[in-house]
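Chain nomenclature is as follows: A, B, C and D, assigned in order of appearance, with residue numbering initiated at 1 for each chain independently.
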Amino acid sequence: MLLNASGCLDALSAPEVARSLDGYVTKTITPEPREGNPPVRIAETRAGMLNSIGLANPGRERFLAQTLPRLRDLELPIWVSVGGFSVGEYAETCAALDGEDGIAAIELNLSCPNVDEAPEGAIEIVAACREATDLPLYAKLSPATWNMAEHARAVEFAGADGLSLVNTLRGLALDRNLRPTLGTGGGGYSGPALKPVALAAVYACANAVELPIVGMGGVRTGLDALELIAAGASSVALGTLLFTEPEAPARIRVELAAEAAARNLAHPLAARRMALGSSPESVVRIGNEFRK
Amino acid sequence: MVRRRLHRVAGAEPIGPYTLLRLERGDSEPGEPGQFFMLEAPGRVLPRPMSLCLATRAELAFLIDPIGPGTSALCELEQGEELHLLGPLGHGFDLAVERPLLVGGGIGLAPLPFLSKRLARAGKGRPPAILGFRSEWHAEAAALLPDAEVCIEPTFVTALLPDERHDVLACGPEPMLVALRVLVPTAQLAWESPMACGYGACHGCVVELDGELRRLCVDGPVLRHGGTHGSPTSPLLRRAGTASRTRAPAGRAGDSAWSVRP
Amino acid sequence: MLLNASGCLDALSAPEVARSLDGYVTKTITPEPREGNPPVRIAETRAGMLNSIGLANPGRERFLAQTLPRLRDLELPIWVSVGGFSVGEYAETCAALDGEDGIAAIELNLSCPNVDEAPEGAIEIVAACREATDLPLYAKLSPATWNMAEHARAVEFAGADGLSLVNTLRGLALDRNLRPTLGTGGGGYSGPALKPVALAAVYACANAVELPIVGMGGVRTGLDALELIAAGASSVALGTLLFTEPEAPARIRVELAAEAAARNLAHPLAARRMALGSSPESVVRIGNEFRK
Amino acid sequence: MVRRRLHRVAGAEPIGPYTLLRLERGDSEPGEPGQFFMLEAPGRVLPRPMSLCLATRAELAFLIDPIGPGTSALCELEQGEELHLLGPLGHGFDLAVERPLLVGGGIGLAPLPFLSKRLARAGKGRPPAILGFRSEWHAEAAALLPDAEVCIEPTFVTALLPDERHDVLACGPEPMLVALRVLVPTAQLAWESPMACGYGACHGCVVELDGELRRLCVDGPVLRHGGTHGSPTSPLLRRAGTASRTRAPAGRAGDSAWSVRP
């Protein structure tokens, strides 16, 4: 299953790009509307980019009243990314989404590097959201943690149905005057440089838990996607790549199929967990997550 | 509908400090003057926004100021190499004007040749144009807009503004746009802001429009103060970037007279 | 002050490279000798490299008896990098180094991604080592932590005299057969891709504490070094770059001086903390840390 | 003393699937046969180890098998481009031998032309050589070692070993080296291992020698079983990398007969 990474596509501005995916993940929604951070919000680095969008979003009410109905017209599974600044905020949004049509899953953004307030603890948030909704809950984790595996086990225990790996790292770029390029100082680091980090995170979590994993971070080619699957991902999301190449999903699908075929695999998902080297019986059953 | 195509470089010629990058047009549409394309920058992660400078049946041309890694890589392209183009994107100039006057500053000249041609095609002949440059060397680029009146610093292009009322269509460095906005409140101004995607996906290019942060790639880059599009009314704090910028970053104050958000 | 990053130079194999630096940092020493990890130990990625050397070192006794005397002949300030698997191990090595001649500082490796056992807690280690030695103690931190600033304040409180930032991130690369390239699976991710992460870590810590900071991570040019200084570093260490270009220190010095001069700075260190935008009075006094 | 110099590409010619990359020699020393250089690989983070293949007064040449991104980038270099060379590095072949016989497998031919020349210079004429290749196409590279006896798979080069005792100096894929070590215990064998630095700095290239992990770039790459240098006695577990490797990674078992460390 090919998705966009949260915050890397506006389906209403570019519906044809969204339709080339198997599902659309919204930009993170918070209870209150957020303007986001002051410009400059983006900077390029040698092998990636920095952003400090700062969770700009219309807020829960306007999202439900105005955005969601228009997203439904896309007739795509919609993943709503949920953010907040307290356990209660996350849970309230989950509760509000619970009754809505057309939502395939909720992705809990537990790891945005662009908001100063650290989440109160991923486990509590997941547990509270679990109470609040029956929708599938994906916990989106930061790779900036000493022990990914422990983190994964904790959110699984708290009731997560899946993991989204990874969010951006924290990065900084300076301009010629040695001042931060971004208005906020640092920002989230994404793109090709992140790929080995994303692979390591997916690999560590897949070794620790049997949850489905949406893998992302620096994917540029079908082989990158196949590697995430081999490390344990069951779906792959495209982020920074979509900025450069909105038609990337079609190319990635073709390349992914070719790379799988070159390895005598009947289907890209047959590569799942191949990097883990686990014996066949410990390989989890793969659901029908790939639509195409 | 976002369109991205591979184009072959037909040629790249220096004009003063700039490079005119000519691409085989293929079946790409040039769009409207003031719209822009995202150009794949060799070796870089993100593409770079560029206004279309000239369009013929066979070619699309961009005028590029090599101020950093992306623009320098674009200027080094050679005939026969290929690059991807995404576009045309954004809102261009409104051509339904009575008495057009084109105003350009430095690399802000870029969209004016195409604009001039389109206005001429609309039946009223080549519109008058005034251009300001930092040096004689930079002014060599004025060759792209024959008959334009040209001035060199310390004279600013605003000094060439005629007394009669005109419909000003302008592109240039921020201080120029700011000055024009005061002198000619109805001017259509082409702004800049760093862009990652150019098609509304990243929310990276926001500027403050009428008190709200809006995406310049979707709502601009051409804005009209008090017109349908609005114009940046209170740019956000931004420390000076490079010394050699000659075109206006919107949403940035630099050392201009614009008020600065706390 | 220009140093090598720990583990990125063997002064006994290449003394002329060590002599081109202002001080030599040893590979991390553990109490017992360690063979290190099984090959394959290195892999290249698009903008960096992975390593799983695994703290291969002769152990404390042989280091003191055989290596240190030969290092002293270099007549360079020697920084000994100390590692271990318990608080006691770190402290014992610090105590053993305390009486030795020619040691300029101890760098506590609190962040090696190639050993499975996580250190028992940076703060306890630093506090115990503080008890064990009067030598300057630098705490080397991982960037894989949610809150760098808090981490920095904690080790300062525990008695660290300085920070070394950053160690590698955890990364993974797969070969054509979708199996991990490195013998150990994942490994430490270093090189150009790390630079924005290193800058962000130095910036965050310099905002939080006034300790001297050895900045490192992906430095390739004098401008990279100057940026680390602007973000708050007082010294810069070269790692992965030395593998490609052993004569890099001389080039970096020339470029660093030129980049400083281009910004009308009398000395590269005059750029210190420029990125922080702090008012002059909050800028810490710069010691005479740059020998050259 | 580590030396790194900039060299200009004098030419690059395909020989079978390989490329002979010729560099202007400048004032660089070629070192001893079997020693290697680290070649800057365009666009890559780390340099790549390559045995010196040929040395003239004017040039240093390397024979390169494009099996991955680094070697492919090196094979695409064109005349006039420049790259850095670090070396010569490591320990080469011991030339004080009575009855030399050169044995090469695939790209393992690389160090043999220079070795042959040096042995000839030592006064005993060109030493005999036997070479094995995977295909006729690969065997085109044998042109670099005139008069060598050549065989193509399924015949292995070991089948060409003469009965009389020789001092074998060999380079080739791991199974070949493993077989030779059994057949000719005194053979000098050139091994491989992935290298980041080539000069002892990274500890990345270790192989197990006499029960200890040693740096192949410092203690090798040429090793003699039971000789002064030792030879890898128990390579470490290594899953097969690429299908097209034709030269031996030391410290790896692959599907060879070597014992594997638990």
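Following the convention adopted for this analysis, a contact is a pair of C-beta atoms (placed from the backbone, for glycine too) under 8 Å apart; a residue touches a chain by one contact, two chains touch by 3 or more.
This structure is a prediction, so every number in the text was calculated from the model and none was measured.
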| Out of curiosity, which chains are bumping into both subunit A and subunit C? | none
| message | Which chain has its C-alpha centroid farthest away from the centroid of subunit C? | response | B
| remark: subunit A and subunit B have mean C-alpha positions lying a whole-number Å distance apart equal to 35
| query | Taking each chain's centre as the mean position of its Cα atoms, how many Å separate subunit A from subunit D? | reply | 46
| query | Cα centroid separation between subunit B and subunit D, in whole Å? | reply | 56
| Listing for subunit C: what residues touch at least two other chains? | 45, 47-48, 177, 179, 192
| Quick one: do these chains touch in a line, a ring, a star, all-to-all (complete), or other? | line
| remark: Chains touch one another in the pairs A-B, A-C, C-D
| request: Provide the residue numbers of subunit A that touch subunit C in the complex, in ascending order. | output: 45-48, 50, 118, 142-148, 169-174, 177-180, 185-186, 189, 192-193, 195-197, 199-201, 203-204, 226-227, 230-231, 263, 271, 274-275, 277
| request: Going by the contact rule at the top, pick out the subunit B residues touching subunit A in the complex. | output: 1-2, 4, 38, 40, 44-47, 69-70, 84, 86, 193-197, 199-207, 212-213, 218, 236-243, 251-252, 261
| task | Spell out the part of subunit A that touches subunit B in their complex, as residue ranges. | result | 7-10, 13-14, 16-17, 27, 35-36, 38-45, 47-49, 51, 53, 56, 175-177, 179, 181, 183, 191-192, 240, 242-247
